[in-house]
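The letters A, B, C and D name the chains in turn, as written, and every chain counts its residues from 1.
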């Protein structure tokens, strides 16, 4: 068995990038791999529904600073029935969040990550993103999708509670999880990768998941490319940390978002989904992604919803 | 034909409230009418899917003050590739919003509205809502639901582009729209009410929709009660404005949220949904609501998603 | 008498800029004209104190959208004695503001305004300001100053309640006000210009002061240059609007901040100061500016304090 | 020598409270001890000026979560010259902060602290503070003051770099520092207490100053009462921590704000002031406090300014 987190040189990484690139593939590059998802995929998703069991995946809005939450979310009450006059009285609240990072379940749109200054399809980040937001690769351009989701449940495959931080997943690991799921991932499907991060966090407490987390090794990207997925989600942020590529802190972010145009879902709580899949005996389900409509946003907090 | 917006006295309103009350009905009152939605309703929703056409309903995040947007949303870039060091570079953003009001598509949880100091099921607003947020009737308690949605498309019924602000809808209007939809609303269904507000806004510009908007008259609440719906959404905020009940600014909010425990969806952009329903020849669809998981929140911005 | 707001061509404006430039003058260009203020100027300020009367100049924090407040300030309570446990109980609040604009009394540091891409002293705005903030010309670099302030009280000079929006002030107007003040402005002094904007606003209600406000014509900049002031404040934002220079929306901002390195104070409430000066018979006073210490900020809200 | 942090029972504390109370003393109780500061005190402040040396005291705006900064300040750029069209281009920023706590130099107005539900002068906190803010004891009511400040420089008295966290200061310690300062504190003066907290932090790194910090023991409150000061500031938050009074987390906050009506200044950086006082040979100076004008605020971030 080879060591989990084998280094990959920047040259090898760049070669992977060039080989897997989906630049120029889509008429509407703003939406990247979401171009693969249309009515047929929505119906394939619905076709996976058996029991009607519904599972959300959003972590709780976390307003408390912790080692894995250095930019706490804001939540303030703007009315407690004492501001707007008359009857009825209203309770109202303000929310705010700098949502990219390790603590909020969120979607990364294609505007989020630039490799050597370029976003997906070769758009110059400096040209299409400014103080007012992004004009390419936005969450507003993505809009909602409904497709089939498949859970790759690594701890379930291995019969453990969680993978240890730092463990890197290769093509054979993903393949084993697909086999375990008993479903062949098809173009336009969503892949959700569970490493058990929040089972571990609940048991052992928070750690700096930016320093160490289980996730996908860059060398597994061709497997994802071959499956031609529409979106990749994880209970971490898909990238194994520390990174196997020297000087490249998030190679899977680059290969997924920038190279292949595949949006990411970070920091999903997949514990309830794992339990539901096990109990229902199915690892495929309808997945609905309903991002906020932020015209110039690089992503947004969201709550992915599975129906089994 | 009776005048549209006939006054209703506070005594009559209170009588309606008492008659329609669902207090004490649910073992888990936190979720109110979402208790009506389980796996069977999710499957009924999925059963409405024909073409696989997907439609979102969230208005764009509006950062510009307007007559109907006095509390503009915030959207700031927190990284433009020049803050977090190394490669890849990241574009990141902060979003913030005081989302209740007339400009953001959002969900009202049961903690939002108190009648005479009481939330749904008799909970004292002063006791269960404080500066830290709510401990009853929260959006976190609601979680996601999947059910069948039915569009009541009033302008389509009448062959007009929109209803004029101030027009009040009575039971017979809702009935006509249900007949037009060709589907009988069942317990646990979601009802979405289109008055054409955003068609009008796009054509004529914004107006103060807090002062005048088409919506449901309190006297139609028994019709909603009889249908036993799980959630009510609208392109306005469901209430006709000005209010027909003197001194009660939002009677439908009270009857829906506080009396019947039915969460609301405000400020939905239903124009694309209306077009899709017309083109697909169906006014029922799968509806997924995927609210943010804010444990102490009174609601949240969200993007309802229909699959036809 | 020449018309108030005579046009000035861009070429003439650029010529003014070149003629008045203070680029290269200061060893520490970050602080621009605040280099002129040291212990001697602080003592000169203190020397102006007679009665000990203290006057602040900050407008109230305005959380309500209005025609002259399109980006309302935020103010939320984060604790009402019910969040932090134990005794005593605490009331706490969050404040937030995008303070540049027309509604908040604030300081413009040298990082705020770039002419043809350049900040004061020729620094490239694109190079020294990014998503993380500014590294040149910041409010943190300015720090507090104490100096002598002189009120140029135009309505008092003319015996009117206020100047009408759009009225442009030329060198002879400033000279008349200095004569009226009975004090010769010296290098390192602060000049505060009252046009009566908030007297007018209180009497007649708000208007779009970005469209029309009384202020200084670019042709008066040489007068300010000759006086060699450290800071220029106004009840508007010092610029007459509409601008007399075609295509240059804020010529005084450019000439003051970018060309001469003179920080600005915008939207000061000078009504109480005017009354105090009149009553005390003195138009010079000690002025203390105590900006927030925001290391990468382009300015900040503040409350200038005069002691007469 | 008695142990530094001798326990004080709640009964003894309540007795102190009753004995030192200034309730009913002021015609305008909103401003508490700032009623003691008028033109004469401003002139006394100015009279302390010798060299004209100006010193600010605000800590840098801290946007990074740390053990003593669990609610990081926000600072986002809202324009980088690419949002507002035309020339000149503008750099603009948004700031936000939940400023009470241990990381931001700020003013506590009388609305901040309630003892057994009551603010200064017996106002019920629940009645005068709500979601919209406070209507008694606000920073807006305080406004700016100019008075004489006296630095009680404990490390200088003792010839050490800083006091250790947890060290409690009694009347004799304050007396020794007043003697060292060589000036008799008079009614309406401001007292600034230096324990060397930020010298220690710069040398040793941050610690949880809410758990342990040097500060005043409740038994020294009569000394402050006798001096009849207008405001008390410190490089910590004036309270020794842990608290000597069981179950009362901030006894000096209660005795100062709630009992005596003396506003507090928390988290001041007094290192530069200490150096200036030592070098100039004077521990009294003019002090200007220029709070933001937040009509319903319980305090605000600010930058106190001394002139020596």
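Convention: a contact is a pair of C-beta atoms (placed from the backbone, for glycine too) under 8 Å apart; a residue touches a chain by one contact, two chains touch by 3 or more.
Being a predicted model, the structure only gives us computed values, none of them experimental.
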Next on the checklist: If I superpose the C-alpha trace of chain B onto chain C, what rotation angle comes out, expressed in steps of 5 degrees from 0 to 180?
Outcome noted: 180
Next on the checklist: Interface check for copies chain A and chain B. Shared numbers divided by all numbers used: above half gives same, below half gives different; which is it?
Outcome noted: same
Item to check | C-D or A-C - the one linked by more C-beta pairs in contact | outcome: C-D
Next on the checklist: As a quick test, compute the distance in whole Å between the mean CA positions of chain B and chain C.
Outcome noted: 46
Checklist outcome for this item: Chain centres from averaged Cα atoms put chain C and chain D apart, in whole Å, by 28
Checklist outcome for this item: In whole angstrom, the CA-centroid distance of chain A from chain C equals 47
Next on the checklist: By the touch rule stated above, which residues of chain B touch at least two different other chains?
Outcome noted: 74, 76-81, 94, 96, 130-132
Checklist entry - What graph shape do the protein chains here make by touch: line, ring, star, complete or other? => result complete
Checklist entry - Which chain B residues qualify as touching chain C in the complex? => result 64-65, 69-72, 77-83, 96, 130-132
Next on the checklist: Taking the touch rule as given, give the residues of chain B at its contact with chain D in the complex, in rising order.
Outcome noted: 74, 76-78, 80, 94, 131
Item to check | chain C to chain D touching residues, read off their complex | outcome: 38-43, 46, 49, 51-56, 58-61, 74-81, 86-100, 105, 111-117, 125-126, 129-134, 140, 143-146, 247-250, 253-254, 258, 286, 288-305, 307
